[in-house]
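Shared chain: chain A. Partners: chain B in the first complex, chain C in the second.
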Partner chain A sequence: MIGYVPGHSPLHRAHPYTTLALAGALLLGAFAATRPVEVWALVGAAAVFAAAGGALRASARPALLLSLPIWVLLFVLHGLLGAEPRMVVGPVSLSVPGIARALVLGGRITAIVLGFLTALATVSPHRLVEAMTAGGVPFGRTFLLASTLTILPRMRERAARILEAQQCRGLRLGGSVVARLRALGPLTLPLVLGALAEVDEQVLALDARGAGSAARRTALDPPPDSASQRALRRVLLVLVVAAYAWKFWRMRG
Partner chain B sequence: MTARVVLEKVTFTYPGADGPALADVSLELRAGEVLVATGASGAGCSTLLLVATGFAPRVVGGHLVGERRIAAERCGIVFARPWTQLTGLCSSVRDEIAFGPASRGLPRDDVLAAAERAMADLHVAHLAERDPSQLSGGELQRVVLAAALAMDPEVLALDDPAAELDPEAADALYDVLPAVAAAGTAVAVATPDLERAARVASAAVVLEGGRIVARGRPAEVLGGTDVARIAGAAGCPPPLPLDVPALLRRVGR
Partner chain C sequence: MSATSAPAADERDLRVTLRDLVLVRLGVAINLVIGQIVAALLLPVYLDSVGTILVASLVGPRAAIVAGLTSQVLNAVLSGNFSWLPFALVQVVIALYAAAAARLGLFRRLATAVPAGVGMGFVAASCSAPISYFLFGGVTAGGVTVVTTVLRALGAPLGVAVAAASYSTDLLDKAIACALVSLLLRSLPRTLAARFPALAR
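And now, the complex of A and B:
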């Protein structure tokens, strides 16, 4: 499941900025971490983050599906074709530094994907818009961020409708990999062309409803923020800065 | 009645198009009036609405020649497909309808009052807490019209608004228009649905190839349309009595 899932978890109740700050800290932290143990500590933190949002089950499967091809690629590139020294596991000779590198890169991707999917599942686009409106953020930027959070579920719904229509016209989905790949054509073309056609109407509809107005939008129901959440966001910022300072200090050493 | 929109010898060409979509069109749209524009597909009815509401060329691009005066600060537009006109950012019908007034920067209480008023006018108050994406097409189109009305538009354009609706929902939607016009809004409807259009229109134009080929009272203009002509040639009664004598003939007096 990719997209917002209504719920009452601590992350659902938190101010949207707090949840996004946690996901952002995971992303930045993943790039600051250079050792497998550090990266995998972040993967663990991402799993705790997902569990706190009640989204571990919903996020883990798509995170795995998204990360798996990258893991395979990393294993081949670094594990099999990496530098010396090598170790032999059964019939396979593996690069020791290559495996460590693959663990770092793969762990980063996993932590980032899991964090991002959890944020998608727990940040209500409507609450985010209200929070940004209350903060005086121009609607253009608000729309850009919020529509990023909603684009995947909307595309999925649209794809499901197109798929049903094409199946009614005799499209077969099963069979070999080649047959499945061939079935992608009748799905993707109407998906993309339909989305482009509808964008025109949506732009007009939003403009007619004042989306481009210079007036400051009125926030109707801004989510409550608290001193402790603001403090947590500052702590996360300090931790990220410290992580990068530590990384660069180590690189100089 | 105050003229809200005046077009004098207006020609409009879409970006990249070989020829104009509207040619040499002169028209006046007054407050309190329901103007129906009809014609074959590609005749220029939708373009006429975009030009009359100022969205063309401001939003859609293109090139306009001639004189156009729009004496309205707020122009609303409703298209045939309701789901393309949702913001995608609101989790309830009330928020969706309040989106426009909130964009104007009105005080919160005024925004909510405008939304409640529009919901009452369109009989969608019972849907206030529903997720817009879960509504039927008919419900959604009424919500979209309510969202347009909540902006308190001086000009309201509807582009084939009942195309996706069942007959009952289409009747309900058209039934609202005279009251909207009576409140001082200039209403323009582009539609091939002559039967319903004739019921609510106070003026009508027929377009062909981007030019107005007939204009006047609905009974005069729509009675001479292809539908009526074809019905007459086939020996059938016209789809609807378009004036009192025709109505009396229909009922046998």
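And now, the complex of A and C:
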């Protein structure tokens, strides 16, 4: 399952920006790392991060499911079809530099996915919106993130209804690629034109709720932030900058 | 200027901002939902930038960039595949290109929208291929990677295989996306089209 899992772990109690900063540092660190040992240290860090959030089980399974197809493709593209020199393992001839590269790339993707799935499992959307509001983030940005997620199921349902209605009217979804491309119009036009026709109504509704006000909003229940958490976020920033400085220094050398 | 006209102008500005916001949200939703229709039709394309191109045509580049970036973030949140976040740069490029194409009126006719889409595909692939090659070694777990693997198996160097796969898929994808947006804009009822001043430019 992908999404927020309620809990009382240190990550659940932390300020949402701290958890997101940890996941962001994992992402940036993963792209800075170029050796298998560095990348796999980050995978270990991501696992510790997930365990600290009590989300190892909730995050590790989807992370593995998402990473598995990438691992298979990496094995084929780099391990089997990679450059010389090669080593023979049973009946298979593998590229030595290709396997090393696959380990770096696969580990990188696993660390990123595991880190962000943990953040997703431990950061409550409500607390994030409250933190953004308390931090003075303009209404538009919080509205975009929060409300788009709420209209998506409605749009998906509408798309499914249009699909069924057009099929009832005789639209065929199969056939040649050209025939299927022709079916795109009858399915997309009603969905988009219907949604566009509702735009003004939604603007009026938002305006009536004071959404357009430029005044700073007051968060009802802002998550507490502490000096130590702010310091941790700054340390993470310094670590990421240092990792890239080290990477480029090594590339020059 | 009279005392009453200033608040009226402020109010109009405010309405435009809220309207842009609602349209951006719509663009993001289209980007994320259109995959459902594409999957039902079993088409070998993504069309995940139709909403961005539409917002660029109806509102402008800034709103389209916001729509593109938000789509990329929400797509990562919904699918769990956060490793695709670096491809957000491609959405920015698409938004800027689409706004320029709309400004030139290229979406008014299918005959100009399709070549504009091919150009967009070329620009998008020029951004996505280096990201795919340098950050992910050509593996992004999409249909593009299957094309890359086939080309690599046929003996093409990895860089060439990644570039060829990106260009072939992006040219087709963006040409269809631009044709679809052109069709949408031409199908807008006159009363609805009149609400979007950017269309008249």
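Note that the second predicted complex is superposed on the first by the 183 of 253 C-alpha atoms of A that agree within 3 Å, B and C clash if a C-alpha of one lies under 4 Å from a C-alpha of the other, contacts with A are read in each partner's own complex, and residues count from 1 in each chain.
Simple rule for what comes next: contacts are C-beta pairs under 8 Å (C-beta built on N, C-alpha and C of every residue); 3 or more make two chains touch, one makes a residue touch a chain.
Just so it is clear, the structure is predicted and the values come from calculations on it, not from any experiment.
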{"item": "Chain B versus chain C as contact partner of A:Arg217, first or second or both or neither", "value": "first"}
{"item": "Touched partner set for A:Asp207, first chain B, second chain C, both or neither", "value": "both"}
{"item": "Contacts of A:Val129 with chain B and chain C, given as first, second, both or neither", "value": "first"}
{"item": "Residue contacts with chain A in the superposition, chain B compared against chain C", "value": "C"}
{"item": "Contacts of A:Ser147 with chain B and chain C, given as first, second, both or neither", "value": "both"}
{"item": "Partner chain(s) touched by A:Ser226 [first = chain B, second = chain C, both, neither]", "value": "neither"}
{"item": "Contacts of A:Thr34 with chain B and chain C, given as first, second, both or neither", "value": "neither"}
{"item": "Touching partner for A:Ser93 - first (chain B), second (chain C), both, neither", "value": "neither"}
{"item": "Those residues of chain A which chain B touches in one complex and chain C touches in the other", "value": "143, 147, 200, 202-203, 206-207, 211"}
{"item": "Residues of chain C defined as touching chain A within the complex", "value": "14-15, 17-19, 21-26, 28-30, 32-34, 36-38, 40-44, 50, 54, 66, 70, 73-74, 76-83, 85-86, 135-141, 145, 148-149, 152-153, 158, 176, 180, 183-184, 187-189, 192, 195"}
{"item": "Of all residues in chain A, those that touch chain C in their complex", "value": "2, 27, 31, 62-63, 66, 69-70, 73-74, 76-78, 81, 101-102, 105, 108-109, 112-113, 115-117, 120, 140, 143-145, 147-149, 151-152, 155-156, 159-160, 163, 173-174, 177, 180-181, 183-185, 187-189, 191-193, 195-197, 199-200, 202-203, 206-207, 211-212"}
{"item": "Chain B-touching residues of chain A, taken from the complex the two chains share", "value": "124-126, 129, 133, 139, 143, 146-147, 150, 154, 157, 198, 200-211, 213, 215-221"}
{"item": "Chain A-facing residues of chain B, complex", "value": "50, 53, 55, 59-60, 75-77, 79, 81, 84-92, 95, 98-108, 111-112, 133, 144, 147-148, 151, 153"}
